[in-house]
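Chain IDs A, B, C and D follow the sequence of writing; residue 1 opens each chain.
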Amino acid sequence: MIETIGIWIAALLTLCILSFLYKENPFYKFAEHLFVGVSAAYWAVYYYYNILRPNLIQPLFIEGQILFVIPLVLGIMMVMRLFPKVGWVSRWPLAFIVGTYAGYNLITYLQSNAVDQVRATLISFIHLESWGDFIGNPGVITFLNAIAVPVVVVGVITGIIYFFFSREHKGVFGGFAKTGVWFLMIAFGASFGYTVMARISLLIGRMYFLLHNWLRVI
Amino acid sequence: MNIIERLEKIDRRIIFILILLAVIIPLLLPIGFKIKVSEPVRIFYETIEELQPGSIVLISSEYDPSTMPEVYPMNQALARHCFAKNLKIIGMGLWPQGIPLNQASMEQAAEEYGKEYGVDYVNLGYKAGGIVVISAVSENIPTTFPQDYAGRSVEEFEVMEGVKNFDNIDLIVSLSAGDPGVRQWIMIAQGRYGKKVSGGVTAVSAPAFYPYLHAGQLRGLIGGMKGAAEYETLIKKSGTASRGMDAQSIAHGLIVLFIVLANVFFIIGKRKKA
Amino acid sequence: MKKQIPLIITFIAGMAMIIQYFIPHRPFSDIQQLFNTWFLIITVFAMILGLGNLLKLHTRRLQRRPSGWWYSIVLLIGFAIMFIAGMVWGIERGTPFDYLFWNVHLPMSSMMFALLAFFVASASYRAFRARTPEATLLLVSAILVMIGRVPLGNYIWDKLPLLGDWIMSYPNMAGQRAIMIGIALGVISTSLRIILGIERTYLVGK
Amino acid sequence: MLLIFLVLVKGIIFYPIDTPHDNNLAFNIGESIVEVESIAPAPPTNVVAKDKPNDAGGGIIVSWTKSADDGAGRESVIEYQIFRSTSPDEGFELIGTANKGFYRFVDSATKDGTKYFYVVKAFDGMLHSQAVMSEAVASRAQWFHTGRISMLVAVLIISFLVLWFIRKAKRGEELYIRPIAGLEAVDDAVGRATEMGKPIMYIPGILDMDDIQTIASMIILGRVARKAAEYETPLLVPCCRSIVMSAAQETVKEAYLDAGRPDSYDADKIRYLTDDQFGYAAGVDGLMIRETPGAIFYMGAFYAESLILAETGHSTGAIQIAGTAMPSQLPFFVTACDYTLIGEELFAASAYLSREPLLLGSLKGQDFGKAIFIIIIIIGVILATFGFSELAAWLTTG
């Protein structure tokens, strides 16, 4: 019994959100406010069980690791924002977070975005095996496979050139930058097209829920 | 405002209604576009066809509700295929939210093929640990899973009689939307113990598994809803994936049509202004 | 003095995180894990500010009663029920919290996500117009990849899915890679400016 | 096929497309039958133990070459057993096993400075091979990670370039910076919103202050808030994280102070909604329709909810300027917004909007970084074409 009530609630809320497509209406406003309230509480409870207890209450108050006093103090400083007179002290934990993650992101982005990507591009310009395939049975696909590496290398270089700030995009340099933009546009179009299927699947999943679990029509 | 301008400024709600219909109609009445079966799915199908009746298949579910539209139809079709060939199924999972989905697929197929929980199939439930669980299960299944997903002792079930470890399992199928998933099963079950492993994954992660397929480490691969629809065609049982693929084809066709129309109006409009 | 201390903290924390990457020895190998845990603890405390802001705003709407004020009741009740359920009976399977998650939170979350199916269609109808050569490339590569992924593609030309895969694997990857390399340089420059205090408007004003 | 293995080893999936009907799949034939033998298997050879490099100590790697009966000869070996003791002739305890086909074992429970002896024996299920012993070795912690030299060089070079051009800019050298449409549009977007008497909405993304995009977004918010203060236009900032809300309140208050209008700063306009991705999207969508902003800024890290926000924003008729360094979301912003800052342009925004010479100088440093990367790619590709892959190996970070 409780199960069918659950399905009815879920189905009606799904329709409330769907009604947003028609226009912003009381049903949507109801679902929106309910969703914000419920999800805010969900994450508050989630943080309590998965962060506050295991990472602070357990090590500091139960195991007595003194080092955990520091985050406790920084956390309390953060909450001092509630009192305007003392609020300025919240800048300390903020400074700690901003500094930590400026340093952390500097390393991770340099490694994963730059060094690894540059290394992955250092491949032989002519790939004998695929050129052999192309000569073996010439066709669109085998040709494209053969020119794959040159396309990637040219695309990466001209793409980077597009991002130059301190040089005017004119003349030969401008030509490279223009080719770079073309590669960016192909990349945006391709990844847009690639995700359409995943988005439609989501809608299929929801409609299947309404038609199968709720209305039992299919 | 003549036809062209009005169509160019089409109210987006008409597009929304068309997309909604493109999804609902195929779900209600399957159209059944002819689906060309690709090589990886055909190998998946034949790997199961080769099994003798009574062999045991271990189905491990490593996905959750957010990837249900793609992976759940594979789970349903796989359960139906195994029961159609009178195979026995042992269900388990490395993701907590995958257990009820695996259970629902097996129950639905059991209903259709007159199979009984405990006799023909069992669901051992979830255990945290990923690779550690796979190695534990390879050595001893009853000690790793003393109880099934509902807490009943494993000895009660006829299907578990004589099942100690991987030697009694004929095929392992992992349906996964990430890690731990098919990759970990290949590393341990296939890599260390030489067991046959087949996989079902989301469309976005399928290309990453082609190397395992070509190296023979993976006995067949179902990729995304398209792969699931191909598998449903092979077992001649139209499921949610085939209907899903009909909806995908129509919706994609509709969007491409929108784009083409928009450009036709755009060009006509520009020529008129020139 | 009030302005100097935050900048010093930022400098020390930033340099510590950079140096620890290069030094495996004892104190440095734990810095990253330690600072991450401290950050999580601060976020939990900061939650008091966030929730305080949310609840204060909506309770004040109950007193002032602007138009549509009763929606704030819906928000507050939704928050209270979910919060109490979670704190009192826990969050495992079968608890009221879990029930509310599956039957209230999940349906709305996945339907909001599913709205993308509609917005993808309306966005492509409006935006994919051959106004400029770049826009034409955007439009053509989107259509090729889209058709390549459905059985419809096979009917038109059996090599179409392979063409779609090729576009995804090579030109698309080249474009993504160029963007990522650019991002890395932007991140390094921004991080340096923050750690050295050149960029500080957000922290201490002028 | 060879290429696939080669690339797989590097951990990157990069394969030419195989037309489905002609690829041949290798099946491994079943196990060959093994009779039970009474003789013990042949021992593994040259057992070597050495300290695990680039770690905080407490780790020793034991390696050996396979026994003659592993995968060949009598094929009787099923695993290797590793024993350890602090003295060479007695006190050996079993500390681990490795299956056949694996020739390496990491002992991660060692006390730094203590010398250990390791013995490896092949085992066929019944009998052990002779014991083969390694040299004595002690584990210790390293002060520098040798596998990350290439990263150190990269950090030093790029940081030097950025700081060098910042210093040059301090001396007031004129600097050409190419126009970015999105950033030039910020002024007239705020102006247009003011004329229409509509508020401005600034959406700082859904990640917390532990992501550099959100930090950059706070800096840009400071610039936009200054303009809003000057134009006396209300500025709405819905936040998905509590710390981002606090940082945003701090930034906007400072901006109103700088613009000489501390009293028109309204903290309630910068509000927290929920940490949930789609709860936040639902809340902001509702806010957009009800408040009908004249200009909407999306600056920071976004995921799938980017198009939900941008399409709804477009339906309200507002000017939309987006900026993110999430490659997967750029296509949606490019299609749904009027202007989009692509990746690096998001991080250049604060330099553009403030026109401060120091910040503009750093952009020139970034350009030199790009030039270096392009040169490395060209050299690397030429080397790779002639079969030298040392440059790629050197760039591999441990």
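The rule we apply is simple: contacts are C-beta pairs under 8 Å (C-beta built on N, C-alpha and C of every residue); 3 or more make two chains touch, one makes a residue touch a chain.
Quick caveat: nothing in here was measured; it's all calculated off a predicted structure.
Once subunit A is excluded, the chains joined through touch still make one piece. If you compare C-D with A-C, the chain pair joined by more contacting C-beta pairs is A-C.
Separation between the centroids of subunit C and subunit D, computed from CA atoms only, is 15 Å. For the pair subunit B and subunit C, the distance between C-alpha centroids works out to 28 Å.
Note on chain placement: the centre of subunit A and the centre of subunit C lie 5 Å apart, centres being C-alpha means.
Contacts with at least two other chains are made by residues 14, 17, 19, 151, 155, 158, 210, 212, 215, 243, 246-247, 250, 273-276, 278-279, 282, 327, 330, 332, 334-335, 342-345, 348, 363, 366, 370, 373 of subunit D. Each of residues 18, 21, 39, 42-43, 46-51, 54, 105-106, 108-110, 112-113, 115-118, 120, 122, 124, 126, 128, 138-139, 142-143, 146, 149-150, 162, 165-166, 169, 176, 179-183, 185, 187-188, 190-192, 194, 203-204 in subunit C touches at least two other chains.
Contact with two or more other chains is made by residues 12, 16, 19-20, 23, 203, 207, 226, 248, 251-252, 255 of subunit B. On the side of subunit A, the complex with subunit D involves touching residues 17, 20, 24, 28-29, 31-33, 35-36, 38-40, 42-43, 78, 81, 90-91, 94, 97-98, 100-102, 104-107, 109-111, 114-116, 118-127, 129-130, 133, 141, 144-145, 148, 153, 156-157, 160-161, 163-169, 184, 187-189, 191-192, 195.
Interface residues of subunit B, counted against subunit C in their complex, comprise 10, 12, 15-16, 18-20, 23, 33-36, 65-66, 96, 203, 207, 226, 229, 245, 248-249, 251-256, 258-259, 262-263, 266-267. In the complex of the two chains, the subunit A residues touching subunit C come out as 2, 6-7, 9-11, 13-14, 16-18, 20-21, 29-49, 51-52, 55-56, 67-68, 70-72, 74-76, 78-79, 81-82, 88, 91-107, 109-110, 113-114, 117-118, 120-121, 139-141, 144-145, 148, 151-160, 162-163, 180-197, 199-200, 202-203, 205-206, 209.
Partner subunit A is touched in their complex by these residues of subunit B: 13, 16, 19-20, 23-24, 27-28, 68-70, 203-204, 224-226, 240, 243-244, 247-248, 251-252, 255. Against subunit A, the residues of subunit D that register as touching in their complex are 2-3, 10, 12, 14, 16-17, 19, 150-151, 154-155, 158, 175-178, 209-212, 215, 243, 246-247, 249-250, 273-276, 278-280, 282-283, 285-286, 289-290, 327-328, 330-332, 334-335, 342-345, 348, 363-364, 366-367, 370, 373-374, 376-378, 380-385, 387, 389, 391-392, 395-397.
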